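Please read the structure below before turning to the comments.
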Amino acid sequence: MELLTLLIVLLLSLGAGLLVQWLPMRHQPIATYPQRAPFLGGGTPDSHAWSRYHVRYYPMTLLLIAFEMEMMFMYPWAVVFVEKGMMAVMEMGMFLAILSVGIVYAWREGVFKWQ
Amino acid sequence: MNHGIGIDITFLSLATLAVVTGWRVFRTDSMVRASFFLLVSFIAVGVIMILLAAEYLGVAMFFMMAVEMTVMALFMVMFMMNPAGLNPMNMVHQERIAIGAGIVGFLVLGAMALLAAFPDQPVSADLEPVRSLGNEMLGDSMLIFESAGIVLLTTMIGVVVLSSHRGRYGAAAVGSLPPGLEPGGDPAGKLEEDEEEESGGHQHHHHH
Amino acid sequence: MLLSELFLPVLMVMFMLTVGAYVVAVLDRLIAGAFGAPQAGRVWLAPMARGAWLMTQHANATEAPDWQAWRLAPALYLALAAIGLAVVPWSESLVATDLVTSVVLWGSVEALATVVIFLHGWSANALLALIGGYRYVALGLSYILISMFVLIGVALPAESLQFTQVVASQEALWNVIRQPLGLPLFLIVGLGMTFWGPLNLADSKDLAGGTASEISGPPRLVWDVARAAMLVAFSGVAASAFLGGWMGPWLPGPLWMAIKMLAVLLVLLLLGRVLPRIAPERCVTLMWVVLLPLSFIDLVWAGIGALL
Amino acid sequence: MAVNWLRKLASHKRAPVFPVLGKQGDKALRYLALSPEIELVDSPRHASVLLIAGEVPADRLEPLRRVHDQLPDPFTTLWFRNEPWPHLENVDRIDDLTDLPAALTKAHRELMTGQRDSGCRILSDRPPNPWKGEGDFGQGGEGMMGGVPYGRPMAMNMQEDISDGLTLDSLTFRLGPFFMAFPPGMAAEVTLQGDLVQSWETQLEPYPQRLDAVFFNARKHPVPIAEIELARARHHLQRLYHALHLAGLEALSLSSLRLAHGLSTSSTLDGLRRRLVRSGFFHLAAVGGGLLNTEQARQFGGPAARAAGLADDLRSHDAGYRRLGFSPVCQNGGGVSARWKQILDEVEQSLMLARQAERDEVYTNDVDCIETPRGPWDEQPPEDASAILDEILPGLEWGDALATIASLDIAAVADRGGGTQSPGESRAVQGGSGNVVK
Amino acid sequence: MTLTTLLLLAAALIGIGIYGALSQQSFVMLMMGLELILNGVMLAAVAFWAFSGAGAPEGQLLTIIVMAVMAIEMAMGFALVVAVFRGKQADMTESLTGLKH
């Protein structure tokens, strides 16, 4: 039942967002080419902006995917934590320690700096 | 599982959504669209999982795949030739074999799905998926949980070693030249500099 | 049954979306005025006038945008804000969707917000928007972990991932006191999620408006309303996770919830006015090397607290 | 009926103005920043009124046409101390600064209520390169990366990356004279790989700035030190306004601008400085890059050199200053944060000197070499230093590069006499005591 | 929404994934194919957990482990692509002929 409410909320807000954008634009002519040129303070670009963009933080993103898995394991742990008591603390402590070793190593290798 | 008609309709629509977006992933020109089509396909599968009373897995699928598809989009744009599909592109080889293998795979698994008889033990309605998963993880299969942690650590270290150019001792490749052909001779590195240029999969034509 | 089960929650969420966005706009003008920005005209009319002007303005187009994605991104961001609002519990019974794993759903709303903001910057095919989109992804991927550690810390005493249970677990003591590090870290996540103030790497001034530098008219109106709505959704989640949700003496539940959300909104808008924009490299290092260990400490603190 | 109700409501909005700065246009910009009924926006797409402030020289008319056409409909233009283009009808020219905000609001209101119809596009509606119906698929592209799909070539110029061995596409573009993060009038050809600056080549130097009249009088005859020091402090505070506005500290930038307008010997800086340090500007904002080595610092001169540790200041040779016990203050960083610390120290020092000089009526002594806020002026005024940018900016991230430019006072000093006060702007703007506003 | 329809959907996803993995030339698209295959596998695992596994906890754990495999495969894949691209400016599978005799 909740899923149905979520779905309707999603569709309604998405529809409202698209309608608000589409309704006024129905009878507006498309902009002229000089108006559509990208704004660079009056300057002109050499090429399309779409290019093989050199993302400078790419090692950080790879590190994040590996670390993200930790989240997957921690949510169920949080639910049964009080039942399991001290054993859960020990287990998750070990899990966190292992993964924070990875983060310290990555920090020392300068992963979080712009490559 | 309450097998109302509403559930079946949502399931069918989500199934078609998943398959169509999965197919569009390989048919679209723009790389960013491809990765976000795959994200939509994952979200559709996630919602199906929620319908199957595995709430936690479904919602976990959302955030896990959102992060992964963002990273996938970044890397696809970094390495693919024509990232935004302005020129229609089909970087495809051995098309026939691939289609054949795909169909064969589907037929075999489909046949197995139709013909094989699987035990019919539906999950009990009052099961709390998250709690049972938590108990399982901290209880019987704690070993799997900890070894997964170790594997994740090795992945993190492997990723950092492979991808980052500068270690803590500065740029790895700075000043390192392969040894000369004869002792003390000029390094061989210089010779293969231009030869290496054309071996890269596609011709660079520096036009201005 | 169908009416009250389905129609009322949806109506409540939509109402909260619009009223919340308006309240954020008015509050922001008031705080700007208090901080010395020159003010003219009536503050309560300014958001309406701005909306009317944006509706009459023509929508801009760039040379070769990814049309569908460019128009879809603001609407998707609005939809994410709506889902975030649907998860916020207003009282034991009055909650739009009470999923068993609503905390995880809020986590996925944060992750999908990064996807949508990158898509908005990418699909305009203009340089300043592209740089804004990519700079934001560096921040967007860094604050997700902090937010999840903090939310798990909140879920520990509640023994469940449901916001209603989380609020119920704060019967004796609110989490803002029981887990002191939680709320400050979560406010930073809030700033990051709506790229507000110091963490405004997506639409900043040195990129002439970043991802919003190429949009005008109705798309820009939807983008600003969605951003304000996401701020409201975030303050709702922060109020229910840390400030005891609908609990409070004398006043009815939803009124308490509204007061706490206003308090969180005020803090966020003040932070937005006081702090400078952080350089992206410094921001990534700060989040991974300083804030993540702090969220570890907060988690261990919450764990021990839950066991006592 | 509904349409004009919406437009009537829209006309109540604060006029969204995109300022395009010509010569001496930044005075108008600073004046509008403090006027309540105007909203200065940072992109022409967010504006309905294009303000051309100050005279735009001929080599910048083409970019001006481009920006003029980039405003979405309905839009209009307003010319401040500048001759409007002949073919634009019902466009008014304003000369007096004080009624500029009213004119802008009137323009926006008329635009919204339909009394004034929207401006027309000047440039012809042609794509940068014709592409319709050409190429392999009719969208102008050939093969994978060739051709001009949809009018522009694909980015395919892979230059060697300077910091990371991965060579990917770099984007080359010209950042125009009307980019609001630049000093007025500066244009540069920039090549970016990712958001790291690969190469920077300044094409149009910023307009030469006309300093306060007191500096030109000081070249002719001894001038009261109080007045010259106040003018120096005002110049620094106005630059601080621009940098803080760029860094996102809106409240602090406006308070530094108000301090600059109502500057008198009794005003103090420590309130503003405490708030700036407490906001974490020197740790969090983009204050890392932009290091000047000693040779570049000597070539730059003025506060930037003193921030890099060269303690040379022409005021220390002046008898008047020596009587006040003046000694140059300097940092040793050379980076962006060191320069801003230096600027704040110099403003405090100038205010202290002004107080002392006003009390004991001290005048400057020698006339031929004076220290302007831009740099030393002995035989000829400090000239433009945008060549240094081409050396220090490559390798910086986009935010750091713009913060470096905002921290350096690049424009040359115009040596024509600044004495001729253009009419109508001599008195102070807001209640400040009666000293002269440039 | 019976077990067979779910398995048919999973089979379709795996089929498309196989097609994608085999047909695409560039590394990154090849990994997209692998991701889609793992997507189908996860769906099948949850379907079995829900219909014929009586909600056994191991079923959910298997799905999370498959997700972990997907994450690790993707991270290592992109790290390899970065290392290869840094060396040889190549992102086509054909151009890597280093191991061929």
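Order of writing sets the labels: A, B, C, D and E. Residues in every chain begin at 1.
Here, a contact is a pair of C-beta atoms (placed from the backbone, for glycine too) under 8 Å apart; a residue touches a chain by one contact, two chains touch by 3 or more.
Listed by chain with UniProt protein names: A = NADH-quinone oxidoreductase subunit; B = NADH-quinone oxidoreductase subunit J; C = NADH-quinone oxidoreductase subunit H; D = NADH-quinone oxidoreductase subunit D domain-containing protein; E = NADH-quinone oxidoreductase subunit K.
Please read all numbers here as calculations on a predicted model, not as lab measurements.
Engineer: Counting one step for each move to a touching chain, how far apart are chain A and chain D?
Structural biologist: Step count on the best path from chain A to chain D: 1.
Engineer: Higher C-beta contact count, A-B or B-C?
Structural biologist: Most contacts of the two pairs: A-B.
Engineer: From the centre of chain E, which other chain's Cα mean sits the farthest off?
Structural biologist: Relative to chain E, the chain whose C-alpha centre sits farthest away is D.
Engineer: Averaging over Cα atoms per chain, report the distance between chain C and chain D in Å.
Structural biologist: So the centroids are 33 Å from each other.
Engineer: Between chain B and chain D, what is the separation of their C-alpha centroids in Å?
Structural biologist: Distance between chain centres: 47 Å.
Engineer: Using Cα averages as centroids, what's the distance between chain D and chain E in whole Å?
Structural biologist: Using C-alpha averages as centres, the distance is 53 Å.
Engineer: Using mean CA coordinates as chain centres, what's the chain A-chain C distance in Å?
Structural biologist: 14
Engineer: What positions in chain D touch 2 or more of the other chains?
Structural biologist: Expected reply: 43, 45, 72-73, 127-128, 149-152, 154, 156-157, 164-166, 168, 171, 173, 179-180, 194-195, 397.
Engineer: By the touch rule stated above, which residues of chain A touch at least two different other chains?
Structural biologist: 3-4, 28, 31, 33, 35, 37, 39-41, 45, 48-56, 58, 61-62, 64-69, 71-73, 75, 77-81, 83, 88, 103, 114-115
Engineer: Which residues does chain C have that touch at least 2 chains other than itself?
Structural biologist: 55-56, 58-60, 63-64, 99, 101, 104, 107, 122, 125, 127, 134, 137, 141, 144, 160-161, 208, 213-214, 217, 280-281 - these are the residues of chain C that touch more than one other chain.
Engineer: Any two chains that touch count here, so list every such pair.
Structural biologist: Contacting pairs: A-B, A-C, A-D, A-E, B-C, B-D, B-E, C-D, D-E.
Engineer: For the complex, give me every residue of chain B touching chain A.
Structural biologist: On the chain B side, the touching residues are 6, 10, 47, 50-51, 56, 60, 63-64, 67-68, 70-71, 74-75, 77-81, 83-84, 86, 130-131, 133-135, 137-138, 142, 145-146, 148-150, 152-153, 155-157, 159-160, 163-168.
Engineer: Which part of chain E faces chain A closely enough to touch in the complex?
Structural biologist: So the residues of chain E in touch with chain A come to 64, 67-68, 71-72, 74-75, 78-79, 82.
Engineer: Could you list, by residue number, the parts of chain B that touch chain E in their complex?
Structural biologist: 1, 3, 7-8, 11, 15, 18-19, 22-23, 25-26, 31, 34-35, 38, 41-42, 45, 48-49, 51-54, 56-57, 60-61, 64, 68, 71-72, 75-76, 79-81, 91-95, 97-99, 101-103, 105-106, 109-110, 112-114, 118-124, 127, 129, 132-133, 135-137, 140-141, 144, 148, 151-152, 155, 158-159, 162-163, 165, 196, 199-202, 204
Engineer: Enumerate the contact residues on chain B facing chain C in the complex.
Structural biologist: Against chain C, the touching part of chain B is residues 30, 32-33, 36, 39, 55-56, 59-60, 62-63, 66-67, 69-71, 73-74, 77, 84, 86, 128-130.
Engineer: Can you check the complex and tell me which residues of chain B touch chain D?
Structural biologist: The contact residues of chain B facing chain D are 78, 81-82, 86-89, 165-166, 171, 173, 204, 206-208.
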